[in-house]
Amino acid sequence: MISSRQVATDTCWLELDSPEIADRAEWGQFVMIGFGLDHLAPPFLPRPFSVGWRAEDGRIGLLVRAFGAGSRRLAELRAREHVLLLGPLGRPFRLETGSRVACVAGGVGLAPFLFLAGDARRQGFDVDLLYGELTADKVFDTRLIEELTGGPPIVWTEDGSVGRRGRVTEGLSVEGPVTVLACGPTPMLRALAGRAAREGFDLQVSVEEHMGCGVGTCQGCVVQGADGRWRKACTQGPVFYASELTWSPS
Amino acid sequence: MVPELRQSLFGVEFQAPVLLASGTCGYGREYAGLIPLDELGGLVTKAVSVEPRSGNPPHRVAETPGGMINAIGLENVGLEAFASEKLPWLRDHLARAKVFVNVVGRTVEEYAAVVSGLDGEEGFLGYEINVSCPNVEGGTMFGTDEAALAALVGRVRRETERPVIVKLTPNVPDIGIFARICEENGADGLSTINTFPGMLIDIHHRKPVIGNVTGGISGPAILPMGVYLTWRAATTCSLPVIGIGGIRSGEDALQYILAGAHLVQVGTASFVDPAAAATVQEEISSHLVGAGIGSLSELVGGLRLPEDAQA
Amino acid sequence: MVPELRQSLFGVEFQAPVLLASGTCGYGREYAGLIPLDELGGLVTKAVSVEPRSGNPPHRVAETPGGMINAIGLENVGLEAFASEKLPWLRDHLARAKVFVNVVGRTVEEYAAVVSGLDGEEGFLGYEINVSCPNVEGGTMFGTDEAALAALVGRVRRETERPVIVKLTPNVPDIGIFARICEENGADGLSTINTFPGMLIDIHHRKPVIGNVTGGISGPAILPMGVYLTWRAATTCSLPVIGIGGIRSGEDALQYILAGAHLVQVGTASFVDPAAAATVQEEISSHLVGAGIGSLSELVGGLRLPEDAQA
Amino acid sequence: MISSRQVATDTCWLELDSPEIADRAEWGQFVMIGFGLDHLAPPFLPRPFSVGWRAEDGRIGLLVRAFGAGSRRLAELRAREHVLLLGPLGRPFRLETGSRVACVAGGVGLAPFLFLAGDARRQGFDVDLLYGELTADKVFDTRLIEELTGGPPIVWTEDGSVGRRGRVTEGLSVEGPVTVLACGPTPMLRALAGRAAREGFDLQVSVEEHMGCGVGTCQGCVVQGADGRWRKACTQGPVFYASELTWSPS
């Protein structure tokens, strides 16, 4: 653990030293992070977090929002505390057809796109980064976003306290060949999936589910496939085509 | 001096006393590359049933104080796919680590069918019969119903010459009674213990966190219950016992071994650190060195009770 | 707005839902000055038996992962000294907090003798019958033996008009069966749960840490088991239930309340922080405020199950 | 928690800010120290530690030796970490007959005497402080002992690596009226108790036993009285007259 800085209410940007992960991580992959077997308080089980950044010097960046007891403790990580990292894990996002990429990020769903948008732009892709939060105080330091991604995000807040007012999903336009990627709360993904089905565009989503092992052994992390069968979010995901999954209302 | 960790049991030799617990190591392959599987004592596969099972809706796992709750629902590929897709990998990749197949069923005949269906295959040593399953004919669980357990163990015994280990359920008044029933009906050994029934509630949404409503509790939280139940089982019957529950260190494992276990299994701890089982083995070894004990077997059941105490 | 924490139960009104658990608050007096006893819902005394009991040899307590083990051996001053030395203090110093006397015995008649011996005294509301005791006549524990429990509850019922709460034992296959037995035999309520049998071994000396060899496990480690057993008891009989096991926060307490508990008890947590019970009450209150809930009773049993789920 | 310094192998001297305790603590009393309800790893239950020092400015000093997992964590306390303190608790040592006091300390049993010896000397008592350890590396910084107690301790080590060689109990001479106080491992106390019985002098001992509550509610901390009945170490002790207790061999 190298450094931690608070970048929004309850939200920290952690930089950790992990050459192996920095070296191998792909867009949308995640790590399991925990404190090891002597730590009985939350997080006792490691928690999955998207790789938000990787640097040549072996650092990786994680965007951590205090949600329950486990992530709160992680958001309070202090420099020189040691953590256990397992990764990189899971199936990454794939950039396809055409040269345009639209990333739709809800809340800390921003994390994988910090990493992806910068790389993709350097590779000549034309990237729109749509980033939504409920309120201004939750919005991740936009200067840091530009620094990491090489361009300004299009910020949306539901209360309009900063950026455009409304749901970030409204900001998505899909004229022409474009790869659409989304990461965020399930209701947001569900809404986008519905739209993708209606308007007939391909959508890749990164899903969230409780995890035990992160490597496919416990079958704890399932989401429902379009065929009704379960898929493991950790090894068959976390990135799926929206069309591969069942989007039960709830 | 390098202490002797080998244990001769069930007619074979275990190179080390630590196995991976059922449901926490998939079918072995998932951990390949990540941990040195073949240096462990062995592993127990995820439960296998006659037909494939799809399992429970999410959430299936969550953290509890000092442990976790799970309700996977015994999701598994079923007998046929297990034999054709999973066993071959175990056969080809594990030379020294021993494999037990964890068996589940809804009726005595379903258990028997899994055992008879697998018995001719290669790649595993024996069976761990998971009796923490509802008996659709009897209503209760096999593991908490003396008559159903006796019938199940006797029936399975007739299907195989391989070692039959019965994995006992913890929520009974006296596990010794169930241990003796397994012994009388031909089991070769016991595993103690499976998870405790539990429940976790999301107070903000007023709903169970677990899709299945209830689940099984595992992890460090259950260590002292597991040690007690292992001691009780080991001292009330003469079968060898495999100790399970909350093990995350050599010291934890040695508590089970002193209580009477010949082998132990590590489950939840592997989620926190995939190297947990290997570390437990190393820590057992260094404890023996430190205490000047030549062989682990000297410690099995080596608990000394105060004179006045009665078991 | 100040949320309503009062609960009308057993013919009286509890000003708040949190009581101190038996064996963790002595006879009340030990905590006087240290915590505001009379602002709690109440307390349950250390077990009282007909004759004084001297209890077990040390060590009597030790830490376990996320909890503790204890084997005090029901040491207590006995019926007479309790009535003459302990009750008067409770009578004189607690105006609002309600007191239950925890009752133990080796035979049905011993329980009955404690109840009849105390019934005329002042300073307490009713009895909490601790059935996690060996029945010297039957061999088993009252709490795990259906016939013995039925006889015990029925007998105690005949001795008193006061509320009779039966404190159930967790290590049974289905606590619902025992809950219904209590209901059918005249109990007014249930307490769930008592400690789980456990054991802790000192691997360096190869001996049990606890003088009594085995002990009872309590603390956060057993929270999810307690919530499950409380839910099971509350949904299989119509008696009011007091939830116990691992509670150390308002959120923990609310899990029990949503599962069906009207009141809760805090035990082990008081050792870690004597203010724990009072803090739990405050946290319950602030949760109600935050959630805009006017009265705690709206939450009792308010757990919502997924449609497809069956209890 | 104000400061921690390592004063011997596995042994730390902790200074904590606790005006109430500093103000009220008496010789030989103890505190229960823990991390509160969110801390599930050892020490989850608070642990009893003798008050080793009290200062006018509200600080108290504790001498902590890493024994098992719980005390190890306490010995690793870092400045500005917060702990939960309950105390002062228990019955103190009593200074009686005559003006001589002999304190026999085994290992961290030294703690209560750091506090007592200084006070007693200031009150005009003539104090011998006999302090024994197994080996030199365990011996508490003797300069600090002098600083705290206003006099040099008589150090014994079983291997003779520093001070006199042998058991500290050998150093005790009981000519004339003298108050004998002892704190240390049970075998040491048992040996002294035997001698006190034979030679007929009064001996006060501070005993150790596992504790739950520290305040008399749990009955977890019992030691056996001379009458065979149990005594609570936390409220009826930890200081007893050796003659009040049964000293079963073991």
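For the reader, a short list of remarks on this structure follows.
Should a chain be cited, it is by its letter among A, B, C and D, assigned in written order, with residues numbered from 1 in that chain.
Rule of thumb we're sticking to: a residue touches a chain if its C-beta (ideal position, glycine included) is under 8 Å from a C-beta of that chain, and two chains touch if they have at least 3 such contacts.
Given the structure is predicted, the values throughout are model-derived calculations rather than measurements.
Note on connectivity: the fewest steps through touching chains from chain A to chain C is 2.
Chains that touch both chain A and chain D: there are none. Ranking all chains by how far their C-alpha centres lie from the centre of chain C, first place goes to A.
Note: centroid distance chain A to chain B, computed from Cα atoms, is 36 Å. Between chain B and chain D the centroid-to-centroid distance comes to 46 Å (mean Cα coordinates, whole Å). Taking each chain's centre as the mean of its C-alpha atoms, chain B lies 33 Å from chain C. Counting partners per residue, chain B has 57, 65-67, 220 as the residues that reach two or more other chains.
Multi-chain contact residues of chain D (touching two or more other chains) are listed as 40.
Chain contacts in this assembly form a single closed ring in which each chain touches exactly two others.
Per the contact rule defined earlier, chains pair up in contact as A-B, A-D, B-C, C-D.
Within the complex formed with chain D, the residues of chain C that make contact are 23-26, 30-31, 34, 46, 54-55, 57-63, 65-68, 70, 72, 75, 219-220, 248-249, 269-274, 276.
Within the complex, the chain A residues that touch chain B are 34, 36-37, 40, 42-46, 70, 84, 86, 209-224, 229-230, 235. Within the complex formed with chain A, the residues of chain D that make contact are 38-41. The part of chain B that touches chain C in the complex is made up of residues 57, 64-67, 69, 140-141, 144-145, 169-174, 196-201, 203-208, 211-214, 217, 220-225, 227-229, 231, 246, 251, 254-255, 258-259, 287, 291, 299, 302-306, 308-309, 311.
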